[in-house]
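As C-alpha cells, here come the structures.
What follows is chain A paired twice: with chain B in the first complex and chain C in the second.
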Partner chain A sequence: MTSVETAARTTREQTGYFQTFMSRRASILPTLAAVAILILLFVGAEILLRGDFITPRNISSLLLDNAYLLILAVGLTFVIVTGGIDLSVGSVMAFTGIWLAQLLAAGVSLAIALPAVLLAGALVGLLIGVLVQFFDVQPFIASLAGLFLARGLAFVVSLSSIKVETAEVLWLQSTRIQLGDWYITPTGILALLVAFAGAWVMQFTRFGRTTYAIGGNKQAALMGLKVARTTVAVYVISGICGGLAGLVLTAYSGAGYPRNGVGTELDAIAAVVIGGTVLAGGRGYVLGSMVGVFVYGTIKTIISFMGAEQSWTQIIIGALLLVFIVVQRAIVARSDRRSRS
Partner chain B sequence: MTLTADTAYPPIVEMRGITISFPGVLALDNVDFFLRRGEVHSLMGENGAGKSTLIKALTGVYAVDSGSIDLIGTSQVFRGTSDAEAAGISTVYQEINLCTNLSVGENVMLGHEPRKGGRIDWKAVHRLAAEHLEGLGISIDTRSLLSNHSIAIQQLVAISRAMVLDAKVLVLDEPTSSLDRGEVEQLFTVIRDLRARGAAIIFVSHFLDQVYEIADRITVLRNGKLVGEYLVKDLPRDQLVTKMIGRQLDDLEAISSTAERAIDRTDAPILKATGVGRRGVLEPADLDVFDGEIVGIAGLLGSGRTELVRLLYGADRADSGNIEMVGTPAKMTSPRHAIDRGIAFSSEDRREEGIVADLSVAENIVLGIQARKGLRKVRQEKQDSVVSEYMAALDIRPADPDMVAGNLSGGNQQKVLIARWLATAPELLILDEPTRGIDVGTKADLQKKVAELSEQGLSVIFISSELEEVLRLAQRIVVMRDRKSIGELDSRRFDLDGLIDFIANEGDGSAA
Partner chain C sequence: MKHRLFWPVATLVMLILINTIARSQFASITVRDGRLYGALIDILRQSAPLMLVSLGMTIVIATRGIDLSVGAVMAVSGAVALTIIDGSTDPNNVGVVMLAVVVALVISLLLGVWNGFLVSLLGIQPIIATLVLMLAGRGVALLITEGFITTVNSTPFEFISTGYLLLPFAFFIWVAAAAVVGLTERRSALGVLTEAVGINPEASRLAGVRSRGIIWSAYAASAVLAGIAGIIYASNIKAADANAAGQFIELYAILAVVLGGTSLMGGKFSLAGTVVGVLIIQTLESTMLFLGVPSAESPVFFAVVVVVVVVIQSPRLHRVARDFVRSARARRAAEPSLDAEVVG
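Coming up: the complex of A and B.
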C-alpha cells in the first residue's frame, strides 16, 4: 500500500489516497505488477542460487544481452499504444543488420552505411503505416507483409553471415565503461537513451499524446487530431528502431546474419505486454516495456543458470503473458463498465 | 435573454447551395443554411433528411460537391476536421468523442496542450482545463480518468474542448440523447450562458420539448432539401412536425387505444419472473407478462431497466430468483436458452449489439432464423420470402434488401432488428429503447407496428426514456428507480404527470 500512497502524491486526506490513485492512475497497475514480478524473480533466483544471482556482473549483462530487444520494444510500444501491431521488427533487424555488415565489408564508411540502413528500416515502417492508414489494411496483415519483405531482402543481401571488422562497430560492444564490477557498453547506453527518449516523447509531446488518443478512440480525427500523420509515424519509428536494433545486434554478435531475429518480434511483443501496455491500445508506458524486457531477460538468465532447457523460458513467458492479458482484460472491462454507467 | 434570434448580427456562417451525394443517394440537394451570433439554431428533420450530412459538411468531415461555405464573410474550403476547428467551428457529437483512457484535463486540452521549453506543461494543462470546466460550472479532479465520470460530465467535458478553441460556432449533435432531466438542465444552463456571450450554436435533437425550450430559430430539412427557416415563436409544434414529415400526425392518436385494451390474465403468464436480481446490479424484482400484453418499464437512465431485461434474457446471469415461461420453470443462463424459449431481445445499443453494419439488410434479417437453424443454410427461397415479408410489414426504407445495413438511418436499422427477431417467431419481444435517436415520423411508425404485433398476440416488454411512449403503448408499467422495482401501475389510471410523480416520489420509505 505504501507505494500506492506515495505514487498518488496528493494533499488529500489519508483515506482518499487509494480512491484518488485508482481514479487517476489505474492504468499504471499492470506496469507496477511487472516491477513486482521483476523483484520477485531477482529475490527468488538469489535464494534458489544461494546468493550467486544478484551480482553487478549479472545485472550489467542483462542490459548488454537485451539491448537490441529493448530498442525493438520501445518502437513497438508506440505502435501498440495506437492499437496497432508490428510483426516486422525482427526481420527488419535482420535485414538492416546484414545489409550494414555487407556495406561495411564492401568498404562503405559507417557514416554513410548507418543512415542508409536506418532509412531502410524507416521505409519498411512507412510502407506498413501507409497500408494501415490509407489502405485500411489490418496492422497484423500489413506488418506481416513487412515481415516477409524484410526477411526476403535480408536473404537477397546474403545467404550466409558476414563478419564485421569495422572498428567503430566493434567498439560499440567491446568498450566497457566500468564502475567497480558494474559496467555498461555503448550499445547499452544507446538502448537506454532510446528508451528514455521514447518515454519522454510519449509523455511530453503532442505527438505522444496523440498516440494515446488514437488508441483510446478510433474516431480521434473528429477531435481535430492529426491521426493520419501520427499513425504512419509510429510505424516509421518502429522501423527505425528495427534499424537501430540491427546495428546493436550486429555489433553484439560481430557479424550480420540473415536468419537473425526469427521470432524476435514475438519476444518484443511479449515484453511490451508484460510491461503493462494493453494490446487493445490506449494504455501503456515505454518504461514499462523496459521492465518487460528485463523480466524476459531475467527469466532467460535464471534458466541458463539452472542449466535447464531454454524452452522453459518460452513456457514461463507464455504463462506470464496469459496472466497479464487476463489482468489487462479485467482493467479494460472495469473502465468500460464505468464509462457506460 | 440578452441576445435572441432577432439580433441584427449578420450571419456568421453562410452555407449556400450545398449539394453532397454519395453513391446512389443525393444526401443534400442545394441546401442553404445561415447561422447568426448569439442564437441557438435547431436543425430539424427526420432521419435521412440530411441534418448530419449538413453538419459534417460544416465541420469538414465531408467535402461538398457544390455550394459555398462562408465564415464571417470569407469563403472556406475544409479539407478535414482540423481545418474547421482552426476556423473556429467546434463539434460535440452524439457519441461522445473523447478518449476515456486519458484524464479529464487532457481530454479538455488534447491537441492544444500548453508547452514550455518544447515539452507539454502538465501543470498548465490541468490548470487551464480546470478553468474551462469551472466556466461551465463543474469542478472535478482534472487528473482523474475520464472513464470515471458520467456521460453527462463527459458531454460537458466535450463542450469545454470547444471553449479551449474559443469557438465561434458550436455544433451540438444530439447532445441530450443519453442525459437525464437534471443533466439536460445543466447542459441548457451552459448553452444559454454561451449564447449570452455571443456564440453561435447549432442544436440538433429529436426531443421537440428541448428544441422549443432552448432554440431561437429552426431550419427544417426533408429528404435532403431545405423546407425553410423559421423563428421558433412563429412555428407551432404541429406545424413543425408537419413540415418535417410532410403529413399530419394523427397516427399517434390511434395508437393510444392500445393501452386501453383489456388483457386476459387468467392463463399462466408467458413470462413470470420472481425475485430476479443480481448483487450490485439489480435488487430482486418481479415481472409478469401475459399473452398479447405490452408491459412498459419506466425509469430514468441507470434505474435498472436494461439490467432487468438483460437478466431475463440471460445476457447477464441472475444470482437470485426464478423465471417461469407459460407455467414451466426456465433457466436463463445464456441468451441461447432465452431464444430457444421464444424470447427476443433488441438491445438499446443497436450499433454495437444489434445491427451488423457491413452486411446487407436481407442478411441482417435472415441472421435470426439462421442462428436458430445452426450450420445448415436457410434455403434461398425461404430467405427471400422472409425478407420481403418483413421489409414490407415494417416498411423498411429504402426497400432494397441488398443495401448495406450500415447506410440505413437509425430508425430503419431499428426496424431491421425488429424484423430479424420477428422472423424467429418469438413469443416475447423485449425492446430496449427502440426509438432512441429516431425521428418523429419513424417513431410513430414503430409504435404503431408494436401495437399491431401485440394485438396479434405477441407479448412485448417495452423500455423507453420517453414516458409518453410507454404510457401510450403499455397496458401495465413497471417503474424502476435506483436499481430496484418500485411499483407496478395500470397505465389507464395514470397520465404523464402522474407517472413522473410516481418515478420521482413513490416507493421512498417516506412516501409509503
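Coming up: the complex of A and C.
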C-alpha cells in the first residue's frame, strides 16, 4: 500500500514541477521546441542521406551561408519583442549593399563608406520608428514605406549589379579560420558577435527590459520607462542590422545587386517566429532567433542535398511557421488565463 | 471639402490636368478599327489586376484584417490556368480556356477559405495568418509550373487582357467586379455588418452579427478577386511567372485602399474611394514612365506618398491641428475683451 502511495505522490510532485516550470518559463518552450526541431532535422537528414550530412563542412557552411539572415533576424527580434514588425529589412540590406559597392567602386575608402551605409540603414529605421511612435502609424504600414523607400533607393543607386574588388571586403568572406575540417569566416564571426551582443542587451540591460515591457504592456510608460525612446531605438537597431547584413551579403556574393533580398523580410520573420519569439510581443529570445535561422538554413541545405525543387523550402517554412503560430497562440492564451485567475 | 471622396478625386483630377498640360497627347483618345486608343485608355486597361486585388483588400481591411497573400494567390491562379491550357491538345479552344479559368478560380477560392479559416476560426492575427500563404503560395506556384515560366499561345486566353470591345476587355472585367462587390456590399446589409465587425468585433458579435462568417467570406472574396487578377496578369504576358506575378501588389493594393480614404483600423470603407485610389496609382505610374523614371525606381516615390498619406491620417496630427485651430479661434475671440479674460 505504502509503495503505491509513494509512487502516486512522486508522480504528483513531478507533474507539480512540470507545471511550475510551465507557468514560470512558458515563454522558453517554443525556443526549446525549435532546438528540438533543429536536432531532429540533423538526425533525420543524417539517417536519410546515408550519413554524410552532419559533417564539420556542412555545419560550418550553415553559418557562412546564413550570416546575413542571422544579422537581420537579431535586429528584427528587438522589433517583434516590442510588438512591432519591420518589413523593410530585406530592402535595407539590398540598398546598403549596393550603395556600399558603388561607393567602393567610386574609390571611397571603406572607413568612410561603411559608416555611411550603416547610417543610411539607421536613418530608414529612424523614419519607421518616428512614424510608429509619434504618428501612431501601424508598424506594418510604416515599415512598408521603409521597404518601398529602400528598394527604390537601391535601384536609384544602380539598376544592375556592381562588382566589389576592395580587398578588405573580400577578406571578410574569403578568409577561413580553420580548425581541422571546421572553419569560420569573418562574416560568420560578425554575425555571431551581433547575435551575442543582441542577446546580452536584451537580457541584461535596462534597454532590453524596457523592450520586453513595451511588448508586454503598451502602458509601460506609467512605470516610468522610456517607451518613446526605446520604440524608436528598436527600429534604428533593425536598420543598422540591415546595413550590416548588406555588408555581409555584398562580401558573400562579391557584388552589390539591387534585387537582393526580395522576400528576405519574410524569411527573417519566419526564422524569428520559429525561434520562439511571439509576434504579439513581450516574449522571445535573440538566441532563439539564431536557432530559427539555423532551422531555416538546415531545411534549405537538406532540400538541396535531396536535389528537390528549392520551392519546397518556402512551402515547408510556411507550414512550420503555421505550426509555431498555433502553438504560440495556445501558450499565450494559457498564460493569459493563468494570470487572470 | 467635407465629402470623403473629395481629396482622392481632387488628387486624380490634378494628376490628369498636370499630365495634360505637360503633354497634350495624354488626354487625346483616337478611334481606330472601332477601338479607342490613348494614354487614358491604357491606364484603364493596365489598372485591372491592381483594381481587382484592391477591391478585395478593401473588404478585408474593413473587417480589421489584411491579406498579404494576394500576390501569391495571383501566382498560383496564373500557374494553374496556364498549366491546364498548356497541357490541353487544343489551346485555342474557348471551352479549354473557360475550364482553365474556372479551375484556377476554384483553387483561389480554396486558398481564401484557408486564410479565412486561420483568421476567423483559429483567431490568428491576419498579418501572420496570410503571411503563411504569402510564403508558401509562391512555392506552390513554382511547383505547379515545375520551376519554369510556362508560356502558351492561346487566342481566347490572350483576349482576356488584350481583347477589345470598343474599350479594353480587361476594363469591363474590373468594372463588372466593382459593380458586383459594390452591389452585394451596399444594396444588402452585408456592407453595414462588415463595418460593424471592423469597428468592434466583440460588440457586433454580442449584437447578433455572425462576424465569423463575414470575416471568412471577406478573405474568400479577396482570394477569388486576386485569382482573376492573376489570370489577367498571366494573359497579358502570355506566361505564368511564379516569381514575378503579383510581386509587391499587396503593398500597392494597401496603398490604393488608404489613398481611397479607408482607414487601416477597419470599419468604414469606401469602394469608390479604392477605385479612385487605384486610378491615382496607375496615373502616377504612367506619369513616371513619361518623365523617364525607370519603373524600378518608382518605389521611392510611392514611399513618399505612403508617408505623406499616413501622416495626414494620423490621429495625433489631427489632434494638434484641432488644438491649433481652437486656440487660434479662442485667441481671436478673447482679443477684444482681453482685460476681462479670466485665466483658468
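Keep this in mind: the second predicted complex is superposed on the first by the 322 of 341 C-alpha atoms of A that agree within 3 Å, B and C clash if a C-alpha of one lies under 4 Å from a C-alpha of the other, contacts with A are read in each partner's own complex, and residues count from 1 in each chain.
Following the convention adopted for this analysis, a contact is a pair of C-beta atoms (placed from the backbone, for glycine too) under 8 Å apart; a residue touches a chain by one contact, two chains touch by 3 or more.
Everything numeric in this text was worked out from a predicted model, so none of it was measured.
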Who does A:R283 touch here: chain B (first), chain C (second), both, or neither? first
Just to be sure I read the superposition right, which of the two partners does A:G215 touch: chain B = first, chain C = second, or both, or neither? first
Pick one for A:W182: touches chain B only (first), chain C only (second), both, or neither. neither
Can you tell me whether chain B or chain C touches more residues on chain A? C
Scan A:D136 for contacts with chain B and chain C and give back first, second, both or neither. second
Contact-wise, after the overlay, does A:M223 reach chain B, chain C, both or neither (first, second, both, neither)? first
Between chain B (first) and chain C (second), which does A:W171 come into contact with in this model arrangement: first, second, both, or neither? neither
For chain A, which residues belong to both interfaces, chain B and chain C? none
Footprint of chain A on chain B - complex, ascending: 61, 80-82, 84-86, 91, 93, 95, 97-103, 106, 110-111, 113, 115, 119-120, 141, 143-151, 154, 161, 302
Parts of chain A lying in touch with chain B, wherever the complex brings them together: 20, 23-24, 26-27, 200, 203-206, 209-210, 212-213, 215-217, 219-226, 282-283, 335-336, 338-339, 341
Which of the residues in chain A come into contact with chain C in the complex? 85, 127, 131, 134-138, 140-142, 144-149, 151-153, 155-156, 159, 258, 262, 266, 269-270, 273, 279-280, 309, 311-315, 317-319, 321-322, 325-326, 329
Mind listing the chain C positions that touch chain A in their complex? 66, 118, 122-125, 127-129, 131-140, 142-143, 146-147, 242, 247, 251, 254, 258, 264, 294, 296-304, 306-307, 310-311, 314-317
